[in-house]
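Consider the two complexes below, in which subunit A is the common component and subunit B and subunit C are the respective partners.
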Partner chain A sequence: MTEWHEALSHLLIVAGALFFLTGSLGFIRFPDVFTRLHALTKADNLGLGLLCSGLALQAGGLAEAAKIMLVWLLVLLASGIGATLVASTADACGIRPWQNRTGASREARREPHE
Partner chain B sequence: MPPTRTDMTRRRLLPTRFGDWRGWAGRLALLALLWWMLGGGEAESWHWGVPAIIAAALVMPTPDLPLRPLAWLRLLTLALWLGLRGAIEVAWLACRPRMQLDTRVIEHRWQRLDDTSGRLFMATLINLLPGTLTVRIDSDRLQVHVLHYRHGIVAMLQRLERHVEALFGGRHRRKESAA
Partner chain C sequence: MTALTLGFDLLLAAGLVWLGWQALFLPRRFAAVVHFMAFNLLMALVWVRLEAPDIALAEAAIGAGVTGALLLTALGRLPSAAAVGSHPQQWHRYWRYPAIFAACVGAGWLAWGVQRLPRPGLAAEVTAKLDATGVSHAVTAVLLNIRALDTLLEVAVMLGAVMLVWSLGPALRPFAPATSLPGLPALSRLLHPLFLLVPTYLLWRGAHAPGGAFPAGAVLGAGGILLLLADRVGWMQQPRFKPLLRLLLVAGLALFLAVGLGGLLLTGTFLAIPQALAKSAILAVEVATALSIALMLMALYLYGEPAR
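Up next is the complex of A and B:
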């Protein structure tokens, strides 16, 4: 592995960890189940993608690198499906999405299709 | 005499048409690729791998997914780009000292997709794109939660539906091919 490979791999891993951190921050700071799901399905997935790419660069062979990327693909699938299931269950249980009550965002938030 | 359940199962399992052979080849190739990844590319692993692949190809359900490499490539490129934007947007919103979210639930009426697998695929994909989350899938529309509303969201959903239609087919595609 060349120095460039190693540097790129470390850069991707650090960037991935930062996205994980922002995803976790969103999970703590966002106000309801729907907004928290955004944090988990977007920032964390990109974080994992960058992390897996960084690790794949350090892999011993092509098959091993492909296996690491397969982990990302499976997590993407699971989180996409899981997010719909959690959100639709919350909706079916009568949990209403949080609405910002200040400033320009005061009116009702159910928008018809344009 | 109407076909029995056994006849129908046998018909599904045994390739009878060219299309079925293509389906079998696709499944075997996909499973072989998976085995190659899981086995780390070792030659000895194929002793167990080949029977396992054939057994899995026999019992796995046949996905009703047409093979359209260009459409897949276009959709994957779009999804990766939008996914990157979505993650950056969420990271930015989560890190801002004063959190300002303009959350809404919008309705996307189905305009092109009319089969269940295409709709489910799009509903799952929406969760990975910038600021959108599927809340409910209805027969005539999709309810989407938006983290921070902006005007391009509706156009993005329509664009996405066109891309998914290119993969799964839909009422517009069928009209075009019938004409």
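Up next is the complex of A and C:
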């Protein structure tokens, strides 16, 4: 493996980890199930793709690299189906998507409580 | 000297019992939380006396620090009538900076402890004992033979989490969203053979390469949750299958305990597996644990007790 390969692989892995971090942050901080699914499926699948590409560059052979990329493909399939199922189940249960309220109306909402 | 340490130990034990009593039975919740935090600090001292400073550190950081802060925050959010005679929110505000400072000191202490860990680790010792463990992969050998007690307790913690979720109320029955998007349940059913193949592969691999019960259980559980969403595991929600569900949930822990007790009978040490039986015993425990973990993840997703 050339030095160029290794540098690219490390770059991809670090970029993938950053996307995972962003996705996890969104999962913790976003307000409802739909936005959280959005964070998890988009950011984490891209992160996993970068991670798998980085690892595939370090793989021993073509078969091993193909196996690693197969993991990404399977996760893409499963998480796409799973996320849509979770979202449509939530929708069927009557959970409405979160609406962005302006700061003023939120203040007005809070006042009678305090 | 001995009389002094004995006196100190007795004082510690008595203090623990008293603080535990106060934390449980004080009518004022704020005072109870403070007593609970003091209890954890004293517990940390007990761990120091037992010459386990790393556990003492974890006890002080998690028990007194994090749990105390969580409980205080929870108190602050309760309606004021519930927290009788105190203003934890204000208390919380003043103590924020000392708490941040303590967390930073704790993190620094942990970083310093990491620097002092033995190098290059215990890999050589594990490899030397590998032949006696019944498996040929170091991680599996550590998880299921050399440090089996840790794994046993991890499974017990997961079971505890499931019991906690079941105590919250009846399960939220997932709707079958087949009406809106008929293709998705069919797709998830197409995926399911893969969700059976991959855990089997991971389990089989665990004996000689990275893999084993926890990853296998996680993948199997993920497939199970997809099936739950597609409304394909109706039996989990039916009362007549409830004993079976409970049996499968505890199967991993029960078999693990049985193997441990069998080791106690055969060799005189809890969880000491005789070498001749090690391979098959570990395989059986791994299969049962993977099944239980998968079902626990599915039970956690149901978010409540099914069939109640």
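Basically, the second predicted complex is superposed on the first by the 102 of 114 C-alpha atoms of A that agree within 3 Å, B and C clash if a C-alpha of one lies under 4 Å from a C-alpha of the other, contacts with A are read in each partner's own complex, and residues count from 1 in each chain.
In this text, contacts are C-beta pairs under 8 Å (C-beta built on N, C-alpha and C of every residue); 3 or more make two chains touch, one makes a residue touch a chain.
On a predicted model such as this, the values are computed, not experimentally measured, just so you know.
Asker: Just to be sure I read the superposition right, which of the two partners does A:91 touch: subunit B = first, subunit C = second, or both, or neither?
Answerer: both
Asker: Going by the contact rule set out at the top, does A:66 touch subunit B (first), subunit C (second), both, or neither?
Answerer: first
Asker: Classify the contacts of A:74 with the two partner chains as first (subunit B alone), second (subunit C alone), both, or neither.
Answerer: The second partner, subunit C, only.
Asker: After superposition on the shared chain, which partner residues are touched by A:22: those of subunit B (first), subunit C (second), both, or neither?
Answerer: Touch partner of A:22: subunit B, not subunit C.
Asker: Please report the subunit A residues shared by its interface with subunit B and its interface with subunit C.
Answerer: Correct list for subunit A: 77, 81, 84, 88, 91.
Asker: Could you pull out which subunit C residues touch subunit A in their complex?
Answerer: 172, 174-175, 177, 179-181, 184-185, 187-188, 191, 194-195, 198, 222, 225-226, 229-230
Asker: For subunit A, which residues count as touching subunit C in their complex?
Answerer: Within the complex, subunit A touches subunit C at residues 74, 77-78, 81-82, 84-86, 88-89, 91-93.
Asker: Can you check the complex and tell me which residues of subunit A touch subunit B?
Answerer: The touching residues are 18-19, 22-23, 25-26, 29-31, 34-35, 37-39, 41-43, 45-47, 61-64, 66-67, 70, 76-77, 79-81, 83-84, 87-88, 91, 97-100, 103-105, 109-114.
Asker: Considering only the defined contacts, which subunit B positions touch subunit A in the complex?
Answerer: 34, 36-41, 83-84, 86-91, 93-95, 99-109, 123-125, 127-128, 130-131, 133-137, 141, 143, 145, 147, 149, 154
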